[in-house]
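If you scroll down you'll find the structure; I have some questions about it.
Chain nomenclature is as follows: A, B, C and D, assigned in order of appearance, with residue numbering initiated at 1 for each chain independently.
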Amino acid sequence: MSATHTPRSPRTASRPNRQAAGHRLALLESMLRVRRFEERCVELYSAARIRGFMHLYIGEEAVAVGVNEALTDDDAVVSTYREHGHALARGVPAEAIMAEMFGKVTGCSRGRGGSMHLFDAGRRFYGGNAIVGGGLPLAAGLALADRMTGRDRVTCCFFGDGAFAEGEFHETANLAALWGLPLLLVCENNLYAMGTALARHQAQTDLALRAAGYGMVSWAVDGMDVFAVEDAARKAAEGIRAGTGPHFLEMRTYRFRAHSMYDPDRYRDKGEIEHWKERDPVEGLARRLREAKELTDKGRTALEDRLAAEIDRAVEAADQAPEEPVGDLLKYVTSAEASRP
Amino acid sequence: MTAFTMPSLGADMEEGLLQEWLVRPGDRVHKGDVVAVVETDKAAIEVECFESGTVGRLLVAPGARVPVGTPLAVIEGEAVSAVPTGAAGTLMAAGPGEPVGEAQPPPTHARARGDQEPAARHERPRPRRQAARRPEQTPQPAQAEARKQSARQHVQALPEPSAAASSAIGAGPLVRHLAEHRGVNLTTLHGTGPGGRITRADVERAAPPRTARVRATPYARRLAHDLGIDVRAVRGTGDGGAVRAADVHAAMRTGTGAERPDRGPAEGEQRRHAAAAIDNRAEERTDAMRRAIAALMSHAKREIPHYYLSTTIDLAAAEDWLRRVNRGRAPADRLVPAALLLKAAALAALEVPTLNGYWQNDAFVPASEINLGVAVSLRQGGLLAPVIHRVDTLPPDALMGHLKDLVQRARRGRLRGSETTGATLTVTNLGDQGVEAVFGVIHPPQVALVGFGAVVERPWAANGMLGVRPVVTATLAADHRATDGAVGARYLTAVDRLLQKPEEL
Amino acid sequence: MKPLNNADALAVIKDSITQIIPDADFTLVEPDDKFRDVLELDSLDFLSLIELLSERTGVRIDEEDYPELTTLSDAARFLVDRTTVRS
Amino acid sequence: MTATRTRTAGPTAPGDRKTTYREAMREALREALRTDERVFLMGEDVGRYGGCFGVSLGLLEEFGPDRIRDAPLSESAFVGAGIGAALAGMRPIVEIMTVNFSLLALDQILNNAATLLHMSGGQLPVPIVIRMTTGAGRQLAAQHSHSLEGWYAHIPGLRVLAPATLTDARYMLAPALADPDPVLVFEHGTLYNASGELPADAGPVGIDRAAVRRAGADVSLITYGGSLPKALAAADDLASGGISAEVVDLRTLRPLDDATIGESVTRTHRAVVVDEGWRTGSLAAEIAARLTEQHFYDLDAPVERVCSAEVPVPYARGLEEAALPQVGGIVAAARRAVGEPAPTETGTPERPPVTGREG
């Protein structure tokens, strides 16, 4: 059996009137950055420059990039351990991410987090949570603070279909709906909780339907179509800002690579992966832009060159960057230790 | 510090095979303790040491066959034992319950190796050895045995025990552990297990009445030490008879256990007391040291074909430099010429490495570091050669600091183990005694000894002019098996050259 | 720096030597003997003596002054001079 | 620092205020809510119910439902929400009914609150205060009675407090809120009704140091929280037998104040650690280990521990009492330490086994 999503559009969705070719190209560039960055990560991982667990987002780029379009700089993002895409879309510099994966002091977590724990407080990017579902209560708290202080901000929490089985999801969904928190719950349903297919870990696989049971607005979205993602996210964010409480988006997507670098991917059918690759969100968008004559071959080449140079610089900088002195090992365990010279 | 050497256990004995160590570095040993088992052509023999102190480096591994007189281990003669010793020949006071006097060896403990005839066993070690070496002393086997039980535990001394050594014992780790716990010397047991293996039952049968380590709380132990109370003589009233602080205080009040009964409890007495305790033992220690020096030097003179060289060195540059450096320095920071001489001796050894090392197994083994033994004469007689490690790397100020500290502590008997071992070349300086040249005896297994005499003013011709210069006579005694005279000459020349540029030392 | 009289100075010197050589026997040392030889002070001992003397009397003793410290009577005179002249 | 012994009701000094531990805690909450608008209280039944143990009674009326926030029975969600709110600049006080329930939020406390600052390379301090009851003694049986504060004291990144006196109940909250890092406050259930006078001069306290609640020369009773009154009672008993016991109240279980503990044992040379946690792997074990590491040569007796029996706390009164540290056991341990075991006819309890099953 090959897993597929039932195509369904958001009930209220209408194709956004995004005439500006510049915007479409920007989406492409953003997705392509994630794609190329991660492809380089695979190389570096194989060369043992990056260690630890590393989970790739390849195939799911439309979700991070599309959702981010709906967020402002004031909004907050809480993410998972598969967060390179979210971080890059959020604007965390490739250099800081690469340095983090190299374990360097210039990394966005000063080498203490690695691939799974990217943080950027300045960009209100709250990581980087590697406990499945663990970021959800945190996101509710960020939203609660905004709610209590009357700030017009949205907190967006990404999590996977696996988290839907965690109590923390259900506790948080209830709490957020109960208190009407300004929380955007983005479930990246890539059909597998690690190696366990959705149908093998959920009794009812229509996640959007179930989330609706908590009394919040809930849509299923084609996560391979960046326009659909952006459109749904914008509508949800508008609703949240209008005070209608938390919104739930089930992004139906697929990862093209294994769960992590350690994963032999024995649980998926090759044919299924190939089937989904036909819906590659990056190349799909590129094709559409070429057909619309908004992207030339030359333009594509220039874009690729630019990204390659950017990633080269990131790798080079990460390579050159110093490591945190071991003498600072205990720094940041408490604030007192952090401020100690 | 003395060397514990392969004893001569008979007039016809030329060499012996070290079968097993019964001590390991850091163990406290008392004069007369059995410390090793040596196999001669005739029998396996337990050998005792002749000095109280702490076992330093073990120089020979089990399984090695070495000539009589070869240093087997270093005994650091630090006389800090809590129990005063009496006159020479009377040994440590026996603890409660220990057999005293001419008693027979404890029956549970007397069996020796299974492959020997009982008669031979009983004869084997002491009477013959003592007859040969110390005829004036009465053998006291019972005490020696008792001490062995209480103090010595069976130990595989070196990291890689030879197959011979372990098979000789024939006991597994469990049994060894049990034996250690019970204080049983495995080498004296007859194994009843398969192939003569020593079994748990053998050990349990042999377990002697336990003369356990004193049960005392850490604080009580510390307090007793500080107050100069012998914790072994204090009656413990704590859990299981443990000595507690209160017991030490009580002993203090009643005077029991005090190492010197005339000593009052007043504060500040401690140091004087310690000094006095050392004085008490000084004579004996000197005797022991005398014997050790005698053995070592006899061995050196017997084994080592010495050759001697001498040269006179102009010290004007060195003295000028010292004067300049010392000017304006507080006395505590000043350098003496000896520091420069030592540094020059070390750097010259760097240039002539074949004088820095050991003669072992008929070959020269160069040392990787230059560790100078510095001969220090003790006021009560005798000498020590504590070691300053890696002298070539030390700036003169640091070297001076080490020298002062080391000489002071050597004379107070407060050397650490690492400071008494590992010398690769020895330097002796008799200049302060007023002589001009010293032709020394090499400390085996080293291959050379450098001597400096007094710095004296002498007429000196330089560049065709005659003047008065401070000069020192540097000498070298070297092992002709390792080097020839030309090498020694190069060495002394290097010392001379180095001393002409004191600022580079 | 406290001015010393000859007896004080001699006491300081003997006391300092005793600290270095606890069993020093001054009955063997005539005032004009070279005490270094009689009591067998080596160069390190002598340096310690200098250290103690300058510490206890406050007198600065340079290497050039060492020859003044050869006999007990010279040494005492040296300390008396330095403590009185300069204070 | 002024300390009040909750156990005794001495003569009331002029200006002293009669109060209870519960009221002192409530007063601390009220002060915090009044002085800092970022502060809010969140937890199960903190509002309309008035707090499971009545600590927050009346606060809803004064501060409203936004700041006295009743949460659903979702420990993970509301503790995590507290952490998120702290990240966003609030100063949440989260109340968990008992330490046993806190296990439902352990992921948030350990993996987020204690970890975020370090994992983010110093970017995300978490200024949250989490309060919970701990301990047995009220016949609440095995799922409401345990003393797991030692587990939390194991975790770097947390500060763990155990106020045991009225003064600490009243004044430890303010410095806890001022701490930029997560602080866990353990309130022993048997202390809420403890009453006494809050001295007129009681005022701000620190949260770094242990306190000597009673000076003594022969043995140090080292304890905290609900065991403090027992240790003080034991000290009285010992004094009548001529043994002078010093009582050290740890107050802060992490980081431990090694200096105060060590100074006390350096004076007395004997230590009895009283800890309601289970013996194996306990805070008492940690303290005993540190004493042997740092003060081995000061010890004149093995370090004694008086801990709970290694059993889930039972319901029946007799069983519960037998499972917990009691004054008699503390006295016996102290006597063993000073080498004066109680006469056998008084039935001195045997020294309990080091690990595992009892008996």
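Going forward, contacts are C-beta pairs under 8 Å (C-beta built on N, C-alpha and C of every residue); 3 or more make two chains touch, one makes a residue touch a chain.
Quick caveat, the model's predicted, so the values are computed rather than measured.
> Could you name the chain whose CA centroid falls nearest to the centroid of all protein CA atoms?
D
> So how far apart, in whole Å, are chain C and chain D when each is placed at the average of its C-alpha atoms?
Measuring from centre to centre gives 66 Å for this pair.
> When the centre of a chain is set as the mean of its C-alpha atoms, what distance in Å lies between chain A and chain C?
85
> Go ahead and note the Å separation of the Cα centroids belonging to chain A and chain B.
71
> When the C-alpha atoms of chain A and chain D are each averaged to a single point, how far apart are the two points in Å?
Taking the average C-alpha coordinate of chain A and of chain D, the gap between them is 42 Å.
> Mind pulling the chain B residues that touch 2 or more other chains?
In chain B, no residue touches two or more other chains.
> May I ask you to sort the chain touch graph into line, ring, star, complete or other?
line
> Return all touching chain pairs.
A-D, B-C, B-D
> Name, in rising order, each residue of chain B that touches chain D in their complex.
Answer in residue numbers: 217-222, 237-239, 244-246.
> Once bound in the complex, which stretches of chain B touch chain C?
275, 322-323, 326-327, 330-332, 334, 336-338, 379, 403-404, 407-408, 431-434
> Which residues of chain D touch chain A in the complex?
40, 66-67, 71-72, 74, 76-90, 92, 107-108, 111-112, 116-125, 156-157, 159, 179-181
> Can you list the residues on chain C that touch chain B in the complex?
Going by the criterion above, the answer is residues 21-23, 37, 40-44, 47-48, 50-51, 54, 61-63.
> With touch defined as at the start, can you tell me which chain D residues reach chain B in the complex?
It is residues 269, 296-302, 336, 339 of chain D that touch chain B.
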